[in-house]
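Here come two complexes built around subunit A, the first alongside subunit B, the second alongside subunit C.
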Partner chain A sequence: MAVFQAALLNEIEKLYRKKKVLVAILLSLAVIVIGQLVIVGVRSGFGLRGTGSVEFPMLVLSVVVNTILPLFTALVTIDSFSGEFSQNSMRITLTRPISRFKIYTAKITSIVLFILGALLLLLVFSMLAGFIFNANSASFDSLGRTVFSYLVSILPMTVLALGIVLLANIFRSGIAVFFISILIFLAFKVLGLLFSQYSSLFLTTQLDWYNLFLVNSFPLAKIARQFLIMLGSGIMLFSAGFYIFDKKEF
Partner chain B sequence: MEKVIEIINLTKTYGNGRGIYDLNLDIYKGDIFGFLGPNGAGKTTAMKIMTGLIRPENGDVKIMGHSVIEEYEKAMAKVGCLIEIAESYQFLSAFENLKQIARYYPDVDNKRIDEVLELTGMYKFKHEKTKKFSLGMKQRLGLAAAVLSRPKVVILDEPLNGLDVEGMIDIRKMIQSLAEKEQTTFFISSHLIHDVELTCNRIGVIYNGRILNVENTDAILKNYATLENYFVSEVERNGRVSSSASK
Partner chain C sequence: MKFKKKTATLVSFTVGTLLLATTALADITSKSGYEELKDSIKLTAEQTSEKYDSFTLDFSMALKDNGKTIMNNNEIGKFDRKKSASESISTGLSLNGDKSSSQSYSDKTTVIHTSAGDQTYYITEYTKERKEEIFSNPFKEEEAEDLEKIADALVGSLKDHVVVAENSDGSKTLTGSLTEVQIPSLINAVASFQLKQEFNGNGNQGSSMPHLTKDVFVKEVTGSAKVNPDGVMESILGTAILSGKDEQGTVHEISIEALIKVKDINSTEVSKPNLEGKKVIKNVAKDYSDSEISNPEKFIGKFKNDIVIEKDGKFVKVGERTLDITKMDNKNVAGRYSETFKQGFENYASDFSELTFAAQIEKDQRGNADFESTTKSGEKVRGNIYFSEYDGKVNFNIHNMNSPYAGGLMFDASFSPDLD
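And then the complex of A and B:
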């Protein structure tokens, strides 16, 4: 376990020392600022209400889970795998007394922590912006639901990251992985719209699954089904990615 | 004598027909073993299998009695290595690069990192990012990383790549002093045959993926004027045998 902790610490250090993470943070904040400015503009210009203090974080979440968050997850994942494959720096870790399974798991754990960090950052700043600009209509119940919605979004984002990890292990070039990931993402989005009865099978539709928790009736069966689909696909993607990673020659 | 590395029936072939075939080799404690062979003979392939970077089709490598295939963590616990070009994370400093490695070994602290930086003459570049390092500096850092954990076995593939004369002498002294004082076993491949002659006490020659001969350096130098003469005669003899056999 000590070597796993060492590997995880190393992965986190590599992650925050790269400029990509800083760019991700700045862009996330930009989304909040721009979003808030648009809402303030709409309110003062057209006399419309826009959003309330708790609604604003939900609006931000609905936008970021389908846009910048998958994008940053892809960038960080590709950097962690394809980046190290192409620069041969993977050998630095591989020749240490640590199994490939632990290295693979540590890399994925660091990506999940990155997603969690990004979600929490967005939550805190969007709530702050919401309270500053629209200090009305806040209640503890809706606040709790907002926090919960952000937290449960980590699950579909993790499955997405695992999918990209698999692609990064199949294709050698990081750019190829990036474009194939985007194409698959868009294809799944379109297929989800065309065949809406099967939409829960397409992983991209699950990015919005936090909405299920906002419904008053609380559709437990549907939540359980979605959860199990994500869990199943996550385990399959993790195993397939590891199978290739373990066989890889460096 | 205590066997430190055992290479048993090791086979790995590539699509282009190159590779290693049925390699058997024993390395003993305190040996500075020189692994010689022409380009493409299979030196790096053997060393990559020894350090778990690739898997063999057949056979096994045991380091301190542990199989690198079955018990990788145990086998690598006392091993330091440098395979091909010394890699580093370019966005981290020399110290931070070594710190990354140090985390895998509980008894390596910051003092030890400073010690190996001093040993390889890299202390003055401690806080510089490796992005701007020359090939020689990267190689020195790679060697510092290889000996960081006070390993019992050190596997070095072309350790003198890119080093200046001073660097070569420093590294040779470092290898000899570690072998003498701490009984560290070295497995070194190099094209610089003169340096191998000066550094190593046992020599193995690999040609076309097969071991031709393993001999003590002293015994070789009794029969041949230089190691180069021995190497050329071994390779030529084998080349003639294989070319006449194919006729």
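And then the complex of A and C:
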């Protein structure tokens, strides 16, 4: 365990030193600021309320979870794998007395922590903006649902990251992985719209699964199914990615 | 050790894949409440338009401002598919506070209409039997399938908000409710903007509708439907609440409620109103869709209009134009055109003031004909004549006479029959 902790700390340190994380934070804040400006504009221009204090974080989540969050998850993931493959720093990591499985897990854990951090940051700032600039519409129930929606979004994002990890282990070039990820992401989005009946097969649909927690009746069966789909694909992608990572020669 | 790791990886991969496959399959086959709602609406439309002999459709809606009704409307439609007859009774309160009610009956050969303000029964009789479907299935339209796909995409994640409850007798109750957090912001903004424009639109000035200017948003949308054991919808109720402030800053909650019921399936009776002792105005419907005028001889005779000029800031009649149709059937038309000027205005007369013409009616163009003629001085004249059965007038145009006409004469192309 101590070995794993060290590896994880090492990975987080590497992640933290990257400029990408800073850019991700700045962009997230920019989304909140721009979103709030649009809402204020709509309010004074069209006489609409736009959003209330609780709806604003939900608006931010719905935008971010389909745009900049997957984008930066992809960048960070590619950096952590493809980047190290090409810089040959992976060799240095592997020379340490630690199993490949632990390195692999530590890398993924650090990516998950990045996603969690980004979500929490967005939650805190969008809530702040929501309460300062919008008419209060919060109730204990809706507040709880909002926080919960942010937290459950980590699951589909993790599955997405695992998918990109697999791609990063298959293809050597980071740029190739990035573009293939984006293409698959867009293709899944379109397919999910066209074949809405089969949409749960396409992993991008689950990015919006937080909506299920907003439903009054709490559709437990549907939530369980979606959770199992994500769990299944998560395990599948994790093991496939590890299989290749384990076989790789550096 | 090496072998163990490989096995573990393979096993976990297989387990993950199986888990994904089975749950995805279960998810695809499971029918969401939204799908059930859609199926039931489709089935209802199909049954009412193709299977049931008769049924009653009861539609009512109300608009309330902070709980006070400002508008309502109720419409009961009785349909008898066998007799191709339908009856509708509608009552309502308009935004201006006017109460209204009207009643109408229609079958293959008659349409009867009456309203509360005017107790006269207006009857239109059709000489030919009309072939009209009294109730057509909207899902049979060509674009229905595409529209359904678009609707599915728009509804998106809101699909899961429809809850189905099965009752012991086999019927089902579908309910759904959305509050402001659950309605996606974009949909809320677009919908509230639409509604705001609609409510504040022209024609609503001076009505009891509050004028919302600020902080407009859709607060809540709820709906419920009852589906009978056959899968046909018996009733569907929808409510939407729009909240906003008027110029004084008063908060208004405007609720829109609509309820549709399908009842008395196969036991609805459509009856013709009893006209005995009632004031009745009868009228035989003309079929204007034919390619020929039914009795063209009625156009033989004189048609007239006035020639006017503007003089000292007033209109002054300086003469008359006369069109004398001497021959008219659905193939040929012939006649004379002349201008007669009053005393003192004789010098307005021109070469065009006296013309005779004959023309052939264009095929399939109800009373429309182009003609050619020559003036006294031998100049060729082209023109067009059109017999309008709808308003009992003749349109007569000479193309060579360019407007504005010489000398400030004002000509009217439309001639009225000279019946005196």
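Basically, the second predicted complex is superposed on the first by the 249 of 250 C-alpha atoms of A that agree within 3 Å, B and C clash if a C-alpha of one lies under 4 Å from a C-alpha of the other, contacts with A are read in each partner's own complex, and residues count from 1 in each chain.
FYI, a residue touches a chain if its C-beta (ideal position, glycine included) is under 8 Å from a C-beta of that chain, and two chains touch if they have at least 3 such contacts.
In this text the structure is predicted, and so the values were computed from the model without any measurement.
Once chain A of one complex is fitted onto chain A of the other, the partner contacts of A:S196 are limited to subunit C, with no touch recorded for subunit B.
With both structures placed on the common chain, the touch criterion links A:M236 to subunit C but leaves subunit B unconnected.
Contacts of A:T95 after superposition: subunit B is touched, whereas subunit C is not reached. Touch counts on subunit A: comparing subunit C and subunit B, the chain ahead is C. Once the two complexes are overlaid on the shared chain, A:D208 sits against subunit C while remaining clear of subunit B. Once chain A of one complex is fitted onto chain A of the other, the partner contacts of A:V3 are limited to subunit B, with no touch recorded for subunit C. In the superposed model, A:V42 makes contact with subunit C only, not with subunit B. Touching of subunit A by both subunit B and subunit C, each in its own complex, is seen for no residue at all. Subunit A makes touch with subunit C in their complex at residues 42-43, 46-52, 54-55, 58-59, 62, 101, 135, 137, 142, 145-146, 193, 196-198, 200-201, 208, 211-212, 214-217, 219, 221-222, 225-226, 228-229, 231-240, 242-243, 246. Across the complex, subunit A is touched by residues 48, 51-55, 72-77, 79, 81, 83-85, 87-92, 96-97, 100-101, 103-106, 145 of subunit B. Put simply, subunit A touches subunit B in their complex at residues 2-3, 6-7, 9-10, 13-14, 17-18, 87-89, 91-92, 94-100, 247, 249-250. Put simply, subunit C touches subunit A in their complex at residues 5-6, 9-10, 12-13, 15-21, 23-24, 26-28, 30, 32, 149, 152-153, 156-158, 160-161, 163, 177, 179-182, 184-185, 188-189, 192-193, 196, 212-217, 243-244.
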